[in-house]
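The first chain written gets the first letter, and so on, giving A, B, C, D and E; residue counts start at 1 in each chain.
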Amino acid sequence: MSRSLRIAAAGIVAFGTLYALILAVLNAPQMQVNLPQQVALNLEQSGIDHPITAVLLNFRSYDTLLEVAVLLVAVVTGLALRERDALTAHTEQARDPMLHALTRRLLPLLLITSVYILWSGSYAPGGAFQAGALVAAAGVIARLAGYDIASRADVLLRLGLALGFILFLTVAVSAMFGGRPFLNYPEGWAGSLIFLIEAVLTFSIGLTLISLFVHAPGDSSPRGGDDDD
Amino acid sequence: MIVFDILLGIGLILAASGVFLSAQLFRSVVLFVVFGLLLAITWTRLQAPDLALAEAAIGAGLTGVLFLDTLGTLRKAKHKRHRKKETHS
Amino acid sequence: MTPILLIIPLAFAILTLLLPRNWARATIIPGLVLQVGAAVLLCIQIYHDGPQDYALGDWQAPLGISLIADGFSVTLLALTSLVAALCAVYAQYFLTRYPREQRYFWPLFWFLLAALNGIWLAGDLFNLYVGLELLGLSAVGMVALTAEKTTLKAALDYLYAALFGSLAYLAGVALLYGAYGTLSIVQLSEMAAANPTTQVALGLMTVGLLLKTAIFPLHYWLPPAHGGALAPVSALLSALVVKASFYILALLWLDVGALAVTVNAAQAMGFLGAGAIFWGSWQAFQTRQIKMLVAYSTVAQLGYLMLLFPLAIGVSEAAAHLAWQGTVLHLLAHAFAKAAMFLAVGTLVLALGHGRINDFGGVSQRNPVALFAFGLSAVSLMGLPPSGGFNAKWLLLQSAIASGQWHWFVVMVIGGLLTAAYVFRVFRVSFVQTAKHDIQETHPALQFSALALALMAIGLGFASEIPMSFMNLTDFTPSPGGSP
Amino acid sequence: MTIDLWYAIVGSIIVALSVFAFLTSRHLMKKLLAFNIMGSGVFLIMVGLPQHQHGVDPVPQALVLTGIVVAVSATALALVILRRYVRAGGNPAP
Amino acid sequence: MTTLLPVFVLATSLITAVLIFVLPERHIRLRIGLNLTAALLKIVLVAVMVAGIANQVDYEFRYELLPGIDLILRADALSMLFAGLSSVLWLFTTVYAIGYLEGAPNRSRFFGFFSLCVASTMGIALAGNLFTFLIFFELLTLSTYPLVVHRGTEESLKAGRTYLQYTLGGGAVLLVGVALMYGLVDQTGSMTEFAETGTLAAIPSEQHFTLAVIFFVLIAGLGVKAALVPLHGWLPIAMVAPAPVSALLHAVAVVKAGAFGIVRVIYNIYGVEFAWQLGVLLPLAILASITIIWGSLRALQQVEVKKRLAYSTVSQVSYIALGACLFGPVGTIGGIVHLLHQGIMKVTLFFCAGNYAETLGIHKIKDLDGAGARMPLTSIAFTLGAFGMIGVPPLAGFISKWYLGIGALDAGMSWVIGVLILSSMLNAGYFLPIVYRLWFKSRREPWPDEHIPRGRFETHGLLLWPTVATAVFSLAAGLFAAHAWSPLSWSSLIAFREYLP
């Protein structure tokens, strides 16, 4: 297809999308279900004060479980596509002494912030994903500064990646042994269990994002660990 | 504050267009990060601080870094290909 | 009972990820047995007690997420576990030549299974989105495993199509939530009315899902991905993964949005299907590589699924019922037959060391079982009796007659002949006696797992009663007609 | 018009723009950027449209949070494959 | 027992097929034993059922395949005629094939598909409704393709492609016809069962046009296999197959399946009386007559033995269709009995052609000079078959033609007599020169390619005895036509039951 034809076709599609979306947005009928109200009514029972965390880790925790699985799938594929013989260009300790020095001060700060965000998630904005992202940011900066983490000890790495998911799944399944439905939390334990899950998830998510960054193929990637255990 | 919202919305649209229209990938990525930051502000306007936090950390921050890092790899690969071509010719 | 089918694959995904290689291998068979057993138990339970609603975490539907196990979904669950089990047996022997890929194949395999089971059971539109993403990413991961240049490109194209498709789907979900305030499928199917928002939402979701199902003309990504992946991966993708997005599509058109879809739109879907049948068959007829032939065959066969919409929307209840039954049978028969075909072809390619159809001479002496499996699955694909494919085609033809839609009748009859045209290319060459190359022996398990799947496709011709009796337990009966 | 509806419309425009960009750009990275921005547009609609009707709604916000994480996983995966593809000699802008 | 007997008949060859596929190539004796045991067992089972049918026992097996649509295997008088023919000829052809393929590669595959082919033929014979018939009809296509391309040469692959184009196309047309029948006429599935007098007469007259259209769609589908002109193109080309395949394909399985289907549709679906009223029989009779003449004319032009026989088949099979179109019991008897007579005679002729080719390397008619002296038994068999085809009394072919002629007069279609006479003259025109060459010309140059030297017999015993046996059968069918168990008596029984109100 010639380029101008392609642009014309894309333009038509885009205008169609725009028209349809605007039409749909402006003509949305009056909602018949008021979900936020139901969230508010059940908030107390969920064991979490912050409604979004309650939705994420209690009301719709199944979504979150699968979402963590999505992260795991991404990182498993990332690990599978590591290059094992590409010797790293990363031989020098830290290319930039400035960065190195900065990192030493920034890292603890980032980690502390992430812990705070994680903890605040139970009553205010924040939670595992944001905290995990901060952990990842810390990891990425450390990596750029030349600290080599998450590239050795493959078993441990994989365990770390999966730890959050394992804990989540275990808690979810253990409910069934007590005769309660999958993904239910025991009475009165919801808050603390959710916090525990979030804490471990933060670690795993952070590690996942770091691994995806560190093990990405390319010149800057370190030597991959062995696939063999 | 309605003016601010209109400006913010237009800013979002402009940033997005910038990402697409820019000829250089590097500039696209930078504009993408800018777009993410604007979006983070938008989320606070929509009373979604969680999303603002997540967008800033993940959407703009982490994704941006991933893109930048990849850009570096692509450049190196390109150089290498060019060099190969030169030695061959 | 219901969530067991999610827990098993998720747990085994973790096990195979963490355990040392030999241990991980040892867990496969027990996992498959558990999985098939659980699926069968659930089938029996549904058969006795009727459709079930499972509120996850004890939160009822609009607030929480519920799993819905009805006749259709348990049929698909059983199909998934059967096909996956045989593909896994095959993969165990096939992957001995790919030690590196094997390490990561198994976790991805189990995640893929979890995603499929999750989609069949989902009772929530957003949950379907997450399921689709899990499915798409694990499928892409499996395609990319061999890390060759061509497969990586195929994986990228596949990934982009999958991502774009699920975003379009998500946009539809956003609109539907904005219009009705709920994500529960049960609630939405009661509320959704024919208004612009619903129709735009359905349109967006349909485009996204058509892209993910690789319906002509959005099929461009499928042949390289399915044709380039490892044989067991191709089998899983063609047999099961594309069906997931079709399942959601059927759910949207015939259940959630039944009141908002129009007969014209349904006819348009049928034309896409007809295009898929003709174009896919033509490409399969042209290609030189056997795996590409099978992949294009998938493109063509998916077209038949699209005929559900014109045959079931805006027609009499009897005709719609026939169309439904025919489509479900076709889905099942195609899943068995196509998995068998990819596995058989994988074995042949392994034995010959190449996939050029014209150099297939002599293969019938050294790999008769694999060739026979290919033949049996081809019988079902062509819609020749006795096979599941024939029964499906028969029901669809009867539905077309009952609603007087002769154009679809013609399309189906011609489609069968086109299938024969490309399938017999392979047979033709396989009767040539002289082999141009060395032909290696292959492990019997490779040949026989393909044969088992092919026999299932044939056997479905005699056991169509079983899926049909389950279909009668499905919650959503076809609506007698959309708005004009 | 509430600001929620305004942002939903902005989201629609952004989605349309990204569709255009996704279809026209040849570079695989640019397509990926378009995917991310399109996601953001969808998220804006997802939060804006219901909040326009009944005020702050934690459910779509939670959904969007999930969506953001899924998007970043997908992006990371795409970049990994892309980088490996380029390393194998592939052209990122076919 | 009465329900399962039809299944057993089918299973004897189906299970044999599976076992042969599983059996490794090198177990030759075991395979031969298996083949012969199964063939004999099948004859015994069929004989039991024939006796039962004569005593009005019902053999029926039903299995619901789809809601409202059953797989029915049922034995009635007509099906036993076809089943009896197939099972007897299977035995002879198997023996012949064992001799013919001695030492050839891929025998396991050959005999596997051979058995499958017979199983499909049995299924066609025993099919109790149109749907079941369709299933086995398609199965027959699939199981014969590997036999046609068995040799794997470029020529046979090409022939296989042509064969498929015709038969799969025909199958698709038949599918359309059957689907229309079920969808438009018969939603309950009871009218498409093969009832003894047909059940469609009860359909209101506004649907009669539809019925006529469906009739011709069905005939078009069946006509490909029955080699009705202009759908006969595959048959001469398929001659590249090994001789036993040609014998079985042409004498029994494929063409007869088509002819048998036409008989079924006319007698057991529409009912001959109703079909006559619809006015669909006359066009079919004309088409059959054209085929008879055209096939004979083309046979005259052929120089290869097998090709000439193939066109002869095109011509002869249409006698069956012609007989089915003649309204009246005598014509029916003529058509039905020819189903059997032509089968025995044509299989004899093909065996002979195979013997000449295998023993002396003769493919062309001109090389047959003096073969009668070298291979007397084969040549006698050939002569008997040829005279039978021409219709020389008291051979089997004469009986068929006699009844067809009387039937034509009964039905008031006296022009058919002219067709019969013309065709007989043409038959004589292409068979007599061969007979003349065999016996009255002497040989000067050596045989083209003598594989099997003269030993105790003129050729390999496994090739000779089946030939002699079928020749004796075709003689006996004519000589003892009045006997209670002769094909003629059996056909009279069928016709009697058909015309009984």
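The rule is simple: a contact is a pair of C-beta atoms (placed from the backbone, for glycine too) under 8 Å apart; a residue touches a chain by one contact, two chains touch by 3 or more.
This one's a predicted model, so the numbers in the text were calculated from it and none came from an experiment.
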Legend entry - Topological distance between chain A and chain D, in contact steps: 1
Legend entry - Neighbouring chains shared between chain B and chain C, ordered by label: A, D
Inset, instruction - For the pairs A-B and C-D, output the one whose chains share more C-beta pairs in contact. - result: C-D
Legend entry - Chain of greatest Cα-centre distance to chain D: E
Legend entry - Per-chain CA centroid nearest to the all-protein CA mean: C
Inset, instruction - Sort the other chains by how far their Cα centres are from that of chain A and give me the top one. - result: E
Inset, instruction - Express in whole angstrom the distance between the two chain centres, defined as the mean CA positions of chain C and chain D. - result: 27
Inset, instruction - Indicate the whole-number Å distance between the mean C-alpha point of chain A and the mean C-alpha point of chain E. - result: 72
Inset, instruction - Would you kindly tell me how far, in whole Å, the mean C-alpha position of chain D lies from that of chain B? - result: 12
Legend entry - Computed distance of Cα centres, chain E from chain C, in Å: 43
Inset, instruction - Please set out, as single numbers or ranges, the residues of chain D touching at least two other chains. - result: 8-9, 13, 15, 17, 20, 32, 43, 45, 49-50, 52-54, 56, 59, 61, 63, 65-66, 68-70, 72-74, 76-77, 79, 81-84, 86-87, 89
Legend entry - chain B, residues touching no fewer than two other chains: 50, 54, 58, 62, 66, 70, 73, 77
Inset, instruction - Identify all positions of chain C at which a residue touches two or more other chains, and write them in rising order. - result: 126, 130, 133, 137, 140-141, 144, 147, 171, 175, 178-179, 181
Legend entry - Pairwise chain contacts under the document criterion: A-B, A-C, A-D, B-D, C-D, C-E
Legend entry - Touching residues on chain B, where the partner in the complex is chain D: 2, 5-6, 9, 12-13, 16-17, 19-20, 25, 28-29, 32, 35-36, 39, 42-43, 45-48, 50-51, 54-55, 58-59, 62-63, 66-67, 70-71, 73-74, 77, 81
Legend entry - Residue numbers on chain C that touch chain D, as the complex places them: 126, 129-130, 133, 137, 140-141, 144, 147-149, 152-153, 155-156, 159-160, 163-164, 167, 170-171, 173-175, 177-179, 181
Legend entry - Contacting residues of chain C [partner chain A, same complex]: 3, 6-7, 10-11, 13-14, 17-18, 20-21, 54-59, 62-65, 100-101, 103-104, 107-108, 111, 114-115, 118, 126-127, 130-131, 133-134, 137-138, 140-141, 144-145, 147, 171, 175, 178-182, 187, 191, 193, 195-197, 200-201, 203-204
Inset, instruction - Enumerate the contact residues on chain A facing chain C in the complex. - result: 17, 20-21, 23-25, 27-29, 31-35, 38-39, 42, 58-63, 65-67, 69-70, 72-74, 76-77, 79-81, 155, 158-159, 162, 165-166, 169, 173, 176, 180-185, 227-229
Legend entry - chain C-facing residues of chain D, complex: 8, 15, 22, 28, 31-32, 35, 38-39, 42-43, 45-46, 49-50, 52-54, 59-60, 63, 66-67, 70, 73-74, 77-78, 81-82, 84-85, 88-90, 94
